[in-house]
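Each structure below appears as structure tokens.
One chain, subunit A, appears in both complexes that follow, with subunit B as partner in the first and subunit C in the second.
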Partner chain A sequence: MYEERFDKRAFDELRPMEAETGLIANANGSARFRIGNTEAIAAVYGPQEVKPKHFEKVDRGIIVCKYDMMPFSVPDRAKPGFDRRDMEISDVITNALSRAILLKEFPRSMIDVRVYVSQADAGTRCASLTAASMACADAGLPMRDLVAAVAAGKIGDSVCLDLTKEEEDFHEGGATDVPIAFLPSKNEIVLLQLDGKVSREDLKKIIEMGKLGAHKIYELEKKALKRRFSNES
Partner chain B sequence: MSIENYDYIREMAEKSIRADGRKENDRRNLVIKTGVINHSDGSAYLELGGTKVLAGVKILPGEPFPDRADEGGLIVNFEASELASNYQSDRIMYSVEVGRVTDRGIRESNLIDMKKLVIEVGKKVLFVYIDIFALNNEGNLLDAANMAALTALLDAKYKVEGSEEKIQLPLNHEKLSISHTFAKIGNTILYDPSLPEENLADARLSIAVSDKVNSMQKGKVGFFTPEEVDYCVGKAFELKHENKTLLMHHTKK
Partner chain C sequence: MAQLKNYDIVTPGELLSEEGDGGNGTYVENGKTFSKYFGMLQVNERGASVTPLTGVYKPREGDDVIGQIVEVSSKYWVVDINAPYYTRLDSRDVNFRADIDDLARYMQMGDLIFARVFRIYANHAADVSMRGTKYAKLPSKMITKIDPMKLPRLIGKEGAMINLIKNETHCEIVIGQNGIIWVGGDKEQMNLAISAINLVESEYHIPRLMEKVTEMFENVRRKI
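For the complex of A and B:
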């Protein structure tokens, strides 16, 4: 049974969030997104020449996304470098962003998206994707919508939003983790993963809760971008 | 920045004028925050002008090096991460050089009392891992990385087995070896070079000083005369006081 959350949040409550854009001056676009003790920093370089050349597409651009964790982001130490987990997450983030960005506008070019996790307390891929999409918007890329991502799930018998590491590791009754990303104004799911075990009804509830969370994140993203561009003018 | 601007900066440098209005030995504004990474044992976020770095310290048990059975270990890793620049060649060069120079400054000054990090001689000692990430490079990563690493070390606290209380790393504050980087453009020597200054400089010299000179690293193809080296070392000792006060101030509990 899981009746009260470890950090006393309501079951459909997100952790406190922070969003900021434009922190990396060298990049075409950049963003930092923090949710609870999870934080991701993203930088976008491009559109630029495709390398290696054979990845080039004549009718559209491509996205190359790299997700990595800083060694001090986890309780032990993440070995520096790109491992299999990083590869997989990079791939799912690339897929989500490919849907959001109007790639037809950039034939024969490449957009480099780099995301680093500086602090990890579950939900790093979602935080990374949220940061990456803000960085793309900050870079001025034409997009169908921003991406808002959050992990929802089920702990014991309770459907929960925005799981912490402590909750993910909850043993009694097990925990199910569902990272989910929306293009909120289009109501499109662009990233969806699941591990654990839930019934069909519960999954429906989880996705509904994820959607509500995504909309809250979406509002924050828009606010951060507006703040940036109103300061500049 | 275009080639023309480089010419302009070079011409101005000959007259000791800098594009950002600084004097020859002025440092850019330094911003330091500690305790920014909750999974680390000590951490620092540092801005040196537009250059931004993040450093985290982790203190973990491990097997000692066979030739140093009675000492803890120090591992410094610097990444000019892909966030900071779009040029791979820059990143690889900087990663290796900055990491190694920062490591030397901390190691050679004996800042950390390695003998106190032994749990069981020959079997188990503590390793101090310092990981430094460049978030944005606007010149002088060497000093930024060094100061971020030192601040993170000053901030570091760890638990010993069998005790709940966190203790500070055994540091000798007299041995805080602070890096000072100078760029030589023509005959002018500039402290804390910006990225354009660093790029067009003929030569670069980084000097880490505590009560002694602990490490030096000359970069780029140009040269320094012995008099110029002595001048830089003198300046480093002069500038050290203010920089050290700043670092200590930010980590005072």
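For the complex of A and C:
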């Protein structure tokens, strides 16, 4: 049984968050997103000429995404470089972003998205996706909406929002981790993965809870973007 | 969204109105208008429109730009004008007589040119031209890049800001509408002009920027 969370949060409470944009001078757009002990930094270059040339699409632009964990981001050193897990996460980020970005507006060009995780405590793909979408907006790309992503799940018998690593590894009763990404103003799901075992009814509850969390993240994203151009700062 | 007003900053996906009456920088979905860019809102009787605050240069016909030659072919030069796509400068579109098959004699890779965007194709490709007396190859001095969305601030009201920088530093300054700025003059004065341009870029959203730039020049003069 899991009655109280390890970090004494409520079951539908997110970890403390922080967001910032425009921190990398050489990129067209950049953002940093931190949730609890997970932190992702994203940089967007482009739209620019497609390299290699044969990836070019005549009717739309393409997104090339690279996700990487920094060697010091986890207790055991993460081997630098592109491994199978990085490849998978890069792919899901690309798929989610191509639903959000209006790629038809810049045919024959490429958007280079780079995401680095500087600290990892579960939910890195969600944090990366959130940071990447903020960086895309900061780069001035035409978008349908920002992407807000959060992990929800079931630990023991209780449905939880924003799992930590400690909770993901919970043994008694098993833990299920469901990363979800939304386009909050459209109410569309752009990423849904499931790691573990869960019944149909519980999955619905988990998605509902993820939606609540995503809306909170969306508000923070909007605030972080607007803060850059307010006169008070 | 009645509380939205002119000059508000909006983010992509923000609901602008319940009717499908959006202008530039918006899109309509299910009869409602949403913002497409992270930008500044403008509302008038025709509906809402959004001007992006950041972003890369999008070539438009008639823009005067500064570009760099990246490739020399037998009949044309390929020019990088800081846009998503490279553009082409045909050997017939220059203001001197160019013998084809030996174009590298006139302009080589890495040379800077001042040219005009004169044709945009349906697939967003563009051609530049150097016909006209004001277009020329630029001698290699210093260039700096700023966000093209911030150019109006650098120029100022009727060129007030750029004339201030020109007068204070006695530099020649050429502004390309693609955000590339060419500065020519005395070495120390060039550095001063470029630091003034960088100041405008980093603080372009604050009011009374002219005073701040004047102050910077005065501080420098006091040190000398």
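Please note the rule applied: the second predicted complex is superposed on the first by the 230 of 233 C-alpha atoms of A that agree within 3 Å, B and C clash if a C-alpha of one lies under 4 Å from a C-alpha of the other, contacts with A are read in each partner's own complex, and residues count from 1 in each chain.
In the analysis below, contacts are C-beta pairs under 8 Å (C-beta built on N, C-alpha and C of every residue); 3 or more make two chains touch, one makes a residue touch a chain.
If you're wondering where the values come from, they're calculated on a predicted model, not measured in any experiment.
Enquirer: For A:A149, using the defined touch cut-off, is the partner it touches subunit B, subunit C, both, or neither? Pick first, second, both or neither.
Expert: Once the two structures are laid over each other on A, A:A149 reaches no partner at all.
Enquirer: Pick one for A:R77: touches subunit B only (first), subunit C only (second), both, or neither.
Expert: Only subunit B is touched by A:R77; subunit C is not.
Enquirer: Quick check for you: in the superposed arrangement, does A:D138 touch first (subunit B), second (subunit C), both or neither?
Expert: second
Enquirer: Would you sort A:Y116 into first (subunit B), second (subunit C), both or neither based on which partner it touches?
Expert: After superposing on A, A:Y116 lies in contact with subunit B but is clear of subunit C.
Enquirer: By the touch definition at the top of the document, which applies to A:F229: first (subunit B), second (subunit C), both, or neither?
Expert: second
Enquirer: Touching A:L14 in the superposition: subunit B (first), subunit C (second), both, neither?
Expert: Once the two structures are laid over each other on A, A:L14 reaches no partner at all.
Enquirer: Enumerate the residues of subunit A that count as touching subunit B in its complex and touching subunit C in the other.
Expert: 48
Enquirer: Mind listing the subunit B positions that touch subunit A in their complex?
Expert: Residues in contact with subunit A: 37-40, 43, 50, 52, 54, 56-58, 60, 77, 79, 81-86, 129, 131, 133, 135-138.
Enquirer: Across the complex, what residues on subunit A touch subunit C?
Expert: 28-29, 46-49, 58, 100, 102, 106-109, 137-146, 183-186, 221-222, 225-226, 229-231
Enquirer: In the complex, go through subunit C and note every residue touching subunit A.
Expert: Interface residues on subunit C, with respect to subunit A: 9, 11-15, 27, 29, 34, 36-39, 52-56, 84-86, 123-125, 149, 205-207.
Enquirer: Within their complex, state which residues of subunit A touch subunit B.
Expert: 23-27, 30, 37, 41-43, 45, 48, 66, 68, 70-77, 80, 112, 114, 116, 118-121
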